[in-house]
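Each of the next two complexes has chain A plus one more chain, namely chain B in the first and chain C in the second.
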Partner chain A sequence: MSSNKFPTPTSVVGKSVPRVDALDKVLGRAQFTADLQRNFPGLFHIKVLRSPHAHARIVKLDTSQAGKLPGVRAVVTGKDCPEKVSFRAPRILALEEVIWAGEGVAAVAAESPEIAQEAIELIQVEYEKLPAVFDAEEAMQPNPPAIVDRLLGQYRGSPQFTPEAPNVTGHFKLRAGDVEKGFAEADIILENRFSTSRISHSQLEPASCIVRAESDGGIITWTNGQGVYVIKGLISDLFGLAVGKVRVINPYQGGSFGSRLRHYVEPLATLLALKARGTVQFTYSRQEMYLAASTRLPVVTYIKTGAKKDGTIVAQQMKIIVDNGASYAAIQDGRMAASGAVCVYRIANFFMDSYGVNTNTPWAGAYRGLGTPQVAWAVECQMDMLAENLGMSPIELRRKNVLRRGEKNAYGEIIESIGVMDCLEKVAQEIKLEEPCVQEPGPWRKGKGVAMGGKQNTPRGHSEAEVLVHEDGTVEVLYSADEQGMGSETVMAQIAAEEFRIPMGQVRVRRGDTAITPYDTFSASSFTTYNTGNALRMACQDAMRQILQAATQKMEAPLDDLALVNGKIIVKGSPGMALADLFEPFSIFTPQGGASLKKGTPVRGRGVFAPTPAIPWDPQTGLTPKMWNWYQYNACGVELVVNIETGEIKILQGVFAADMGFPINPKMCEGQIEGGFGMAIGASIMEEYIYENGLMTNCSYGDYRIPTFREMPLRRNVKAIFSPDPLPEGPWGAKGIGEGTMIAVAPAIANAVYNAIGIRIKDLPLSAERVLRRIKEKEKNDQDFLHN
Partner chain B sequence: MRFDFYEPTTIGECIEMLTHFGQEASLLAGGTDLLVKLRLRHIRPQAVISLGVIDELKKLERKSDGSLEIGAMKTLQEVESSNLLANEFDLVRQGAGCVSSIQVRNVATLGGNSCNASPSADTVPALIALGAEVQIVGPHGERHLVLEDFFTGPGETVLQKGEILTEFKLPAPSSHSGGTYKKYAIRGEVDISIVGVATRLTLDRNHKLQEVRIVLGGVAPTPNRVRRAEDMLVGQDPREELFEEAAQLAAEESRPISDQRATAQYRREMVKVWTRYTLQETFQKARQNHHGKG
Partner chain C sequence: MKQRKELNVNGKIYEVFVEPWRTLLEVLREELHLTGAKMGCDDGNCGACTVVIDGKAIKGCLMLVPQAKGKKILTIEGLGSGENLHPLQQAFIDHFAVQCGFCTPGMIMSAKALLDEKPDATEEEIRSGLQGNICRCTGYVKIVEAVEAARDKLAQKSNPL
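Take a look at the complex of A and B:
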């Protein structure tokens, strides 16, 4: 696994050590936010009344009956909310208009969830329905059928906001090379439109927080939201609270996938805690997770590709429309999603427009890959279609056009680390892409397909970490990035164990408490290993320096001759001394100040890491030598069967290769791959929001089906392959893996479906119903079977 | 939400309570539908009357004439695993075994599955295919009708104020017959059916189709027989193309709606696919029984 660039042998990193949280989680002892409720007698419970209309004016809102119900402590409406709106959170409650079906209108804090629910049912609202727009392509037009909310664009102060296209939140342009000249040179030009559905993260643990109003006007929040310091900043800013009086604590989080990056429970809970002058808890129901939590951005991609007969892509034009839903917290201009089309192939003449658009649908945001899987869906289906048109193998076409290390992508960035082609070659070999499937009698048709992709890393914020080295050699690691299940606590423990050359059992991780652990942003963009990991290495080295400095006097040896290994100070050519002997016991006869180490006082090492910042791009061309930080890459191959009578798809085999840089914990990387693959099966063949007049009609696990074991191939038929191209500035060459593991799956499935039944489906999901409709269309020579 | 909870011990006592509360009462059998409706506030009854301790509703008996009586409060798990229901009545077991998960089947009841009157109830097509009658008891005595006539619309039945469904009566089936229920749902049995098809075929001495029942669930306001398809098959020599034709007729006779689980078009297409498969399988069973007994 390790590359020649990193010859240092390691003893803990790079090894599949057991997760540090495994025992607690398996035994049910790990504490999640909802588990803490029992610590608060007299806790108030929050319930929210939500709009059934996608767009309506609130004519009358009467909460008086609810307020009178015994057991109700506080009732709030939009009028009680702070005027300030943050782009880190949706509006707390609607004020004059509701802008999606599911937006909160009023909320109650009561002595029990049942009383709160009863109170909600006593609130009377009169709505006047307003025109609504659900389709992003309609919404982005000048004079759209509805303006989602006049305030959205203006509030955001987006420089690109124009009254002429009031639902467009932003527009990113890429103008590389000369696309017209490129198309003129092309032997073949292929144009297509692709789309993806709105889906839900469906993380196991719903959003939940507890907020306690303290007597001094401050608050303490326990929450499963991401980024304790970001929440601290958000809450103190929204409510004008003294920053020093806001404390945020983060127990384990039951999944996020980007959902918890926007904070949809903490602001309302704070409002009600302050009003109730007590402690409140707010936990979303599963239905609320669909209606009023983050969703994945639906994306429409138009793609036109020009290629030479030999497969060389000479021009590409794309229009990418990202549907933000009714979001204040939108991804403004689609630039992040669009990046999925830039980071894999060498396309000198590239003309691309991406747009962020608001619609009156549940708001959307980050979801594992932040739009790149949706755009890669288009690109990778297009590549297979192009290959077929050219009479080339899909592997050969990709080999011809893939970016290689040291080359420039269309932004103008030089790519330092890219293992994508290696990933694809391994996948194609493993799945035996060249060997045709053997068909069996019956309605099931077999097919194979592959795809690949990449995901940028945003150079965002900075990360801090601290270590406390105790006299007995044990080490506490303090950091504030998230643990949403991906294993950051284990990775951090491994890094500290490696640096101090101690066993894992001597490291204890303390995480996520703004009063104790140092600053970090949150775990996003797959950067925790890279950002926080780098900070932690610096913290370890800082502590080490302090210890060895103290040892130079005791041991009368120069600093360079000393090393700390597994609790022992080693001097070149001498047996050394125990770390504990460096710590002096308390005595009234010795000076207590000074530089020496004191018994009972750990050595505190501190590290700060900030990624190299991006370089502002030219707004007219999008060109810059540094748009992002680094890229993770992946490839996927699947073998599946399609039922030509029912349209059902069953995945028989999945092979997935990832370039995550150096894998700090290979087993956890495999876990990311298997989890991402399964999640992507859901996004590819099952998941979609179904609406009636903008109101989601399938908002339960019963009718919104996420994948289970039933949809996964057998364990022995899922294979994870590592194909790392280590990144020099990553810890031991590590990059990240969390987001990349979905990207290539959907197009690989669609390419396999094409291989199986000769039908190209360009819209996700490939539900049984959609697949069958296309089969019937083909059977009846485009005569629409809907008119049967 | 608050309601009073009652637990009568006899059918008579239960009817008295029901008559008293009328529309304001809900009956609790297994609770797997009722509790969801209460939680979602679809209903707000004043009284919930449990059938749980009325022993008269829990019988399961084979009569001397070969017919069978199943009490409304038999759980689906009891039905599915009952030896009395093996062989000729196996169709009932197939239907019961298709309802959701074993946890749900352990509490859900056969009577409840009918009284909930969901168009996609999995036990109903099988019971109708076997010619089940229901016994209804109310303040004015008891009455009987065929199960197909029990349903009047989604969630609606012929039950009048004070009446309860007490048992199912299944006539003795011919030995030269076979029956199959197939459920099609995106996620198999734990999911709600997009379509359910029960078929029953009886062969005459010459291996011609003597009696045919094709019952569809999930594709009309109530589970129902498709008589044109049935009639077309009666008296015929069973063969592949004929089943295909019958499946086509069944699809045409179905009256599905579009909802969050499937569009009407897809449902109709699935009626065709699964009626054909079900007929094929049923014919194989009937033929085997014919040979076995014949």
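Take a look at the complex of A and C:
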């Protein structure tokens, strides 16, 4: 894509300019959804009655007492919900059966949260417990102990739904090459099973929205859910509202990590706002964030790898089981998760099955990497185990099998941009992987480990952007992608500043209001810089073209000789003119229409970008020249200590290299790396849902512990390295970074634990309890061995 | 039942009429419309609601209004203004210690109380002093960096050579 004419080195893009939202955020002035409640006196507050049972029939549900409580404005149950269901949201309230412990059964809108809570406690409900299934491998069998969602096949109309496996939501097959022949040629075959726990996004700001029912039958929603237009579409569709009467506004979002991609507060709040004919607010409690918000998909991976003595992988077979929980929302065939096994290594003979399965557990969905970290967890531990079996260094084995630019992966895609091996080499060097750790006396054992990985970018949706160029040279950027903290507002401001060659201070970003800002999907799959950024460049160029067109007459120069730089029209070989002089004043005595630019009337530039679509794959083989769009890559190295008396792990050092393409704002990229690393430490050694009969028992920040300052290494021991392989069609070669930053961390940690204590742990998390159990087992085995 | 209460917030005396079981956080946000302190958990485990009371970092969701009687409450709104940022606020901007920003006001208030008490806090002391404040976005690296930078800046100010 062509940039500004008369190109100069970039002045803003590629620089770590301060975040445009930082000032408001450090002043406490940045507005989050719940902060807006003060603008609505007379607001009704929503509380939900939730099921304590994982699977039960609702025998009796009596809300009459609740309805009579003074201050209660509206009470709803599953019977009041629209019949329609959407892929974008879980069912609003349970109807005949509850299918996970935490599912909503009834909801109240009242004058205060306390009255709403009191009303909830007056609701009488009688359950008849039904058999439940919590384990995905059990659930996917024919004749499972429970059918999680009886209507699954019916309302999804899923082509993959079969009555024989009523909990399987989808099945993806990859059949590349000849796997039998591959294994026959292998000198060594290694088979393992790996698993990951259910974890919570735990973004700091709970889900929250305000919905105002307007007198004309429309609604306005302020929400921290992702994708204003997607929510607009969802709500108008579910409730049959005129699309033009639904407006969605998106204040700042306090983190998401995928959690807010499916909409679990807006539909219920809309239902109650319409019923109450007023304004309602619905904010999840922290407990609800665990029980009834999105979670990360637990994945079980069976992997069998065949290799030659020299390390060449000749065949791989995998079975990947993705646990959707009791999701009505995330019908999946595990294809996204499985992509994590395809995008890094050259495996000609690859036989893979992935399945999405429902269980009676809290529902799951997108979570920083959408399943790829869970599958890379298996692949990267397997690679280290294979290396050991072959007597090779883990780096050498990976070097031997890694995909290189221009090669085809197992889908049949030609890889355009892949910096993964460079990432690993840099990490290994930085962490001095070849040098053995020096052990100290005492219970702490030191170890080092590395891993790498990649994340596909889904070619999804289309993004629009607009710019308003004012006569004084200031530019407003209008777009609708999200700002959940990753810095999209800053990146967009940088792009506009770069295109118009103006200082950052002259750009103002306006974001996320369906009545003002143009269409976008949402910020997912790390694509905001790429999708929305490309659209914005086009919008800038569109405005620029209109301005220069207007200047051709005034300057008496052909379009090609003109450029707009920092508020000045520049002509080749002349002093140029100020942008402001192009805008003509007008009065009732001058022509007020016409093509010339008018004072007070900004030039509006518009850009639309859509990624090149995927090419449908053969359902029997999964083969296609284009399944995804591009890949971001990364590698991680850690040094840690394991306490052999307590099982505790402390991370001493973390080195992380990323191939995110060209970094538009290097410090913000670093922030993504450090943040992803921190989050991954939680997923690797701390976080898991603990249940009793399917009811999560650790649903608070106090009991479900996420990393604090204490779990992070000292700051000088966290290092972020860039190893970009720029993507030609990305803005200035940018790809994306947000999701990749978790992938390599867990396997690097497990590989380091193995290095430290010689114990291979294949299930996440590596909690102190689990590690200690394995240490004790090993001690016992070693003793038994000695005694025999 | 509702009672009349006086609160001293950011150097101003406010009169509120609230139930005595209201938390300070609720009253700051709902009655005084000071929404800088955030509610992340409402049970004392995240620190997003931290304010400084008589020099100590206190979680606003754990204190009931009557307990704040006669005490000096400082919230993020009273710490600095756009023209006159506190060195912590400036350092959080300069060092990219802000991502989603939901933890930021509480984090800055905790850091303020910490540095007031220990102007020469080491990285270790900063890490343990702030461990009651959770951030899910940054991995804490740049937050520590920012607090250390603010510490050095404040030291320069009080000891200009």
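Heads up, the rule we're going with is that the second predicted complex is superposed on the first by the 772 of 788 C-alpha atoms of A that agree within 3 Å, B and C clash if a C-alpha of one lies under 4 Å from a C-alpha of the other, contacts with A are read in each partner's own complex, and residues count from 1 in each chain.
Everything below uses one rule, namely that a contact is a pair of C-beta atoms (placed from the backbone, for glycine too) under 8 Å apart; a residue touches a chain by one contact, two chains touch by 3 or more.
Owing to the predicted nature of the structure, the values given are computational and were not obtained by experimental measurement.
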Once the shared chain is lined up, is A:121 touching chain B (first), chain C (second), both, or neither of them?
first
Now for A:253: first (chain B), second (chain C), both, or neither, which partner does it touch?
second
A:646 contacts which: chain B (first), chain C (second), both, neither?
first
Name the contact category of A:769: first (chain B only), second (chain C only), both, or neither.
first
Just chain B (first), just chain C (second), both, or neither: which does A:204 touch?
second
Chain B versus chain C as contact partner of A:702, first or second or both or neither:
both
Looking at the overlay, what does A:710 touch: chain B (first), chain C (second), both, or neither?
both
Once the structures are superposed on A, label A:487 by its partner contacts, choosing first (chain B), second (chain C), both or neither.
second
Scan A:690 for contacts with chain B and chain C and give back first, second, both or neither.
first
As a test of reading the superposition: which chain, chain B or chain C, is in touch with more residues of chain A?
C
Where chain A meets both chain C and chain B, residue numbers:
702, 708, 710
What part of chain A is in contact with chain B in the complex they form?
114, 118, 121, 645-646, 686, 690, 697-698, 702-703, 705, 708, 710, 768-769, 772-773, 776, 785-786, 788
Which residues of chain C touch chain A once you look at their complex with the stated criterion?
29-30, 33-46, 48, 75-77, 80-82, 85, 88-90, 92-94, 96, 98-105, 108, 123, 126-128, 130-145
In the complex, chain A touches chain C at residues 16, 18-19, 21-32, 34-35, 37-38, 201-206, 252-255, 257, 285-286, 484-487, 667-668, 670-671, 674-679, 700-702, 706-710, 712, 714-715, 718
Enumerate the contact residues on chain B facing chain A in the complex.
1, 41, 184, 186-188, 191-192, 259-263, 265-266, 268-270, 273
